[in-house]
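See the structures that follow.
One chain, chain A, links the two complexes that follow: it is found with chain B in the first and with chain C in the second.
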Partner chain A sequence: MGNFVTFHANRIVAGAPFTIFESAGTMVAAALLLLLAAIICASLYSGGGKWRDYALGALPPIATALLIYTAGHAARALSLDATPIARVSLGSGFWIPLLLLPVIYFDSIQNNEGLLAPAAAGVLSTVAVAVFFVYGFMDDLSLMKEFANRSDRFFSELSTHLTLSGVAVSLAVLIGAPLGLLAERRERLSGPTFFTLNVLQTIPSLALFSILIPLIAALLALFPTLKEAGVGAIGSTPALIALTIYSILPVARNTYTGLRTVDSAIIEAARGMGMTPLERLLKVELPIASPIILGGVRIALVQAIGLTAVAALIGAGGMGTFIFLGIGQSADDLILLGALPTVLVALIADGAMQGMIKIVKPKGI
Partner chain B sequence: MISLSGVTKRYGETLAVKALDLSIESGEFTVLIGPSGCGKSTTLRMVNRLIEATAGKIEIDGEDIASYRPEELRRRIGYAIQSVGLFPHMTVEKNIAVVPTLLKWDEARIKHRVGELLELLSLDPAIYSEKYPSQLSGGEAQRVGVARALAADPAILLMDEPFGALDPITRESLQREFLRVQRELKKTILFVTHDIDEAMAMASKIAIMRDGSLIQYAAPEEILESPADRFVREFIGADSALKRLALLKVGPLFKRAKSIKEREGLVAAKERIVEGENLWLTDEKGVVKGWISPRSLTGAEDLTEATTSLDPRAAGIAKDDNLRDALSTMVKFGFRTAPVVDKGGILLGELSLSAILEA
Partner chain C sequence: MVFDNAAKRRALKALLLLLPLFALLTLSTSLWESAFGPLFPRLEQLVYPLASFPLLVGEHLLLVGLSSGAAILIGITLGILVTRPWGRDLLPAASSLASMGQTFPPVAVLALAVPVVGFGFAPTFIALFLYGLLPILANTISGMESLDDGILEAARGMGMTRSQCLFRVELPLAAPVILAGVRISTVINTGTAALGATIGAGGLGKPIIAGLIGDNPAYILEGAILVALLAIIIDTILGMVSVARVEGV
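Right, the complex of A and B next:
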């Protein structure tokens, strides 16, 4: 934890690294290090049975909360006798444990039986971290200062980001699911369909955005009424189109695969019972394929949330705004202000979709 | 009644079914049999229009099936296949309810019907209704498949090797059970198999096919007695005589037997016995205990000494056993004459080897 936090005299200059002991004080630093040491020992030790499971399930969230608190504490301590324009940003000594702890936690959840202790620890720690942020424990970190300067903008861009990804994926479901169905019903079409979608998927996002701008501009020149309806050559229209294009493939592919996995005997039985093609689709094929189709929506959603960050480049807004602003100003913490919530939102969307798939999945499959 | 006239199915160059004429009476259990690829499944599936015939006409009770919507036709015809095809996301109850639901029966009627069918196929509704197909054994799944085919009480049942994937013991018990169901329900059944023993055991009429054509269409006994050609003779196998015995029952062939009770004693036995015949020893209720031959009687001090004892449950033959099973029992115990007994072991008569040979 050589570089736990970095102290900058102002927002732009290079900073000086501080260890966790130097910045957070002996007591807090020692507590955190002991906890981390316990987790590392438990994960390396193969015996221990139930106690080891408890340690790996419950300790990582607690350690994560403590780690975040320690960072806020360190920032406060370093800021006490500095000028108001001084900044404290987070270093590798913070980031590495922050990335490793969730890995250990989720691995333990997946491999161990008892879920009560890990879930309780997870919820408690999340609440604690929320309290740290809301009650200002973290305010002296540079990241939070960037947030404080733009809090209104932050929430409006977050909502733009969520809307763009959400609408794009919804459109992709409306287009991709019928496309997957069509490819499954008319096997001859599946080759060309997926070839096209795969090619579209390989176009770099920046390139796709820039191809779309002149295309839409040309379209607007042809149909001026579109312009009056609020369609623009830059901004959300090309962004939405590009994001939708990228999201179609996972939805269409999984719809196709999901429908294909339905056993031919089941199809034959459904036909033999006298189901119409529509009844067969709605009562038999879609329910059986639903977990796989929703899996495609999940992939599309996580991917769209990430890609939406790029859409800021063509003026569509979203969390990418902060990232590109930060790159322009060489302000790392502004970049983080855009990137961290994007990652967090993607993780939450992923978890929510996984939960939903578990709930929607028909019993018996 | 189902009647096929000049029914043909062509796939490109190959003729899967060639101008087939076949007429199945109502209540008849017709088995379609023949070597693999001879067109059995194709024929069956043309009846419910899962496959459309290239030429020819199929009528059900005098009405051309082409005049119905295919779905409407299929809802009136039960269909069961070897791979069962239960819907994995539905409980046993919901699976059986599929066709009644399509036909918009009310819920109470469906529920009642499902319970009735589960009982009919010896599946306890309390145990099986809420199970999912993945929780069933192969035999149980096929019972549910048959129940599902019977759900809307169709007059016609099409079955494509329904018991083909089961182990021999399960298959035989399902065959027996299905025969019992059929005796009760009297459906018109078209049943595909390539197991000649299954055909002999189940069919009231057998249709033998080869290369898309019908070779012989007759009752099992007739096919065994006078096979149409060499192909049929080879198809039914070298043990056709034994297969025939399997179709005949003990009932009409056994005759009255002489018996003696234990307390009647040696003297009475000597008076009653006839040269060349046995005397059956019974208890007061008439349950067979053993047999006495003229030779064992000479020089014996009492009845017990003259008797070779037997267990009527193992060595006795029932009235509705078939002759092949009876013969097997007789060979096993070395009898020229076997006792015919009821369920309680009470002597009803005797069956002689010569009676079987003359059958």
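Right, the complex of A and C next:
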């Protein structure tokens, strides 16, 4: 299994790798490896019918929880007779299964009928993992030590991150949806609108974020009243503007596409029933187009959560703060402390939006 | 949006404007000096001094070219393998890996490469390659899967072998979708490569980062304008290639 954890005598020195057996003990290691072996066999074996579906739906979350527990257990075992400044970081033997298990799990959810077993296993494992973290089973891992050193900062940056991406996507919906509607109603405008939005989308995030700093500084020099209103050339103002610009295209494009896919016979029928254009839009067209429009919001949201991490470079805060702080100090665990929650938040937002799209999908379409 | 001749002509016109502009801005430092002199009278240094722009553009193109080239090669190959009859068992896993992986923020992928590989060119290359692989794999799969069974039947009925069928029928028909994936992947890589400067990869992100740290708006604008132009040029060229393919079918 390669190197499961690495033991460092302190934060700076190179570490000594340990396998899962050496670090977590034979019993725990054997249980985890057996479970992983069962999942691999089940995913490679194409027969088995219902039992295979159950195994692939329920075992990956359980194995993920066990994997995380094992990592905490290994860290504790290695830290027992070490100094407090010793660090135990995670190796490829931990990360590779952690990446593959969710792929197997989500794949089985998408392709199999029964959702009860996977859902129950997913919820139980999430609760178990939360318990591991809250009750300190994981505290000896270096990642958690970095967290413990800055837990206040962690939650404030997390909330900055969520606020920035949430506000930007909300603004983008307020701008992008009417823009998509306008482009659909006045076809002549659709070419220039989407051309402009596409060009803006193409600009690399680092470039757009940083170009805005001198631009806003120039604006502030021209209109000093803006400065008094709390607008700053660095920080959240340029970040919000850039994030909103990036988020408009997916929303506008999907509003346009969604409205275009509404069958003209349905619009005719609504007109025949005596609906006014506004009623048609609100009661017929938008409900039918809503799954596609929300699909655009989903893309915008996932993208904005990722891009907000870049905004730390222009002083806007967010999880990128830890990423770039960690890069600056070459402290791997600090990088992970920023990057892992960003990935997790993006995955959760993606899943939540997918669920919402399933709910709003009109029946019979 | 429909690609047509007008779009292609527009793209060509845009390139005729963008390419000379980009070349001029890359090669001439006096242009930047004369533009920024009056704009930022208090700055002592107006042009990024640590590397010439042609060198930075070269580093950037090398990084994007190598990583995207590898991603195109491996992505399309994997996409073909999992859509063959004997590779189909891996298709669901490959497509969920590709779609879930794209949820990962590019910055996070770049940052996660550092603990594994260290600093510099190598981790940036690996992160760009892995991240660039996903849209190409996803689009190759969806391009191959969307082909009409009737066409494949007809090709087989004409006596084509499997490989003839692949290279003369399936790949050409799936090409527009695959090339759209290549375009998305390469443009994202151009942007993410700029972030590579934070982990010591060089390229056009360097002046931006130096400007952000040293509070020098001139460096910021130089790097940002050049990398934005580069991304738009690459996007326009790849857009034209996919138009050409659509017409050929």
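Going forward, the second predicted complex is superposed on the first by the 363 of 365 C-alpha atoms of A that agree within 3 Å, B and C clash if a C-alpha of one lies under 4 Å from a C-alpha of the other, contacts with A are read in each partner's own complex, and residues count from 1 in each chain.
Keep in mind that, in the parts below, contacts are C-beta pairs under 8 Å (C-beta built on N, C-alpha and C of every residue); 3 or more make two chains touch, one makes a residue touch a chain.
If you're wondering where the values come from, they're calculated on a predicted model, not measured in any experiment.
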Chain touching more of chain A, residue-wise (chain B, chain C): C
For A:D263, decide between first (touching chain B), second (touching chain C), both and neither. first
Considering only touches as defined above, state whether A:V360 meets chain B (first), chain C (second), both or neither. neither
Contact-wise, after the overlay, does A:P287 reach chain B, chain C, both or neither (first, second, both, neither)? first
Return first, second, both or neither, reflecting whether A:E279 touches chain B, chain C, both chains, or no partner chain. first
Check: chain A residues flagged as touching chain B and also chain C none
Quick check: in the complex, which residue numbers of chain A touch chain C? 43-44, 46, 89, 92, 102-104, 106-107, 110-111, 190, 194, 198-199, 202-208, 210-211, 213-214, 217, 302, 305-307, 309-310, 313-314, 320, 323-324, 326-327, 330, 332, 335-336, 338-340, 342-343, 346-347, 350
In their shared complex, at which residues does chain B touch chain A? 48, 50, 70-76, 79, 81, 83-91, 98-99, 102, 132-134, 145, 148, 158
Touch list for chain A against partner chain B, complex: 263, 265-276, 279, 284, 287-288, 362-365
Note which residues of chain C are touching chain A in the complex, please. 1, 89, 92-93, 96-97, 100, 103-108, 111-112, 114-116, 119, 187, 190-192, 194-195, 197-199, 205, 208-209, 211-212, 217, 220-221, 223-225, 227-228, 231-232, 235
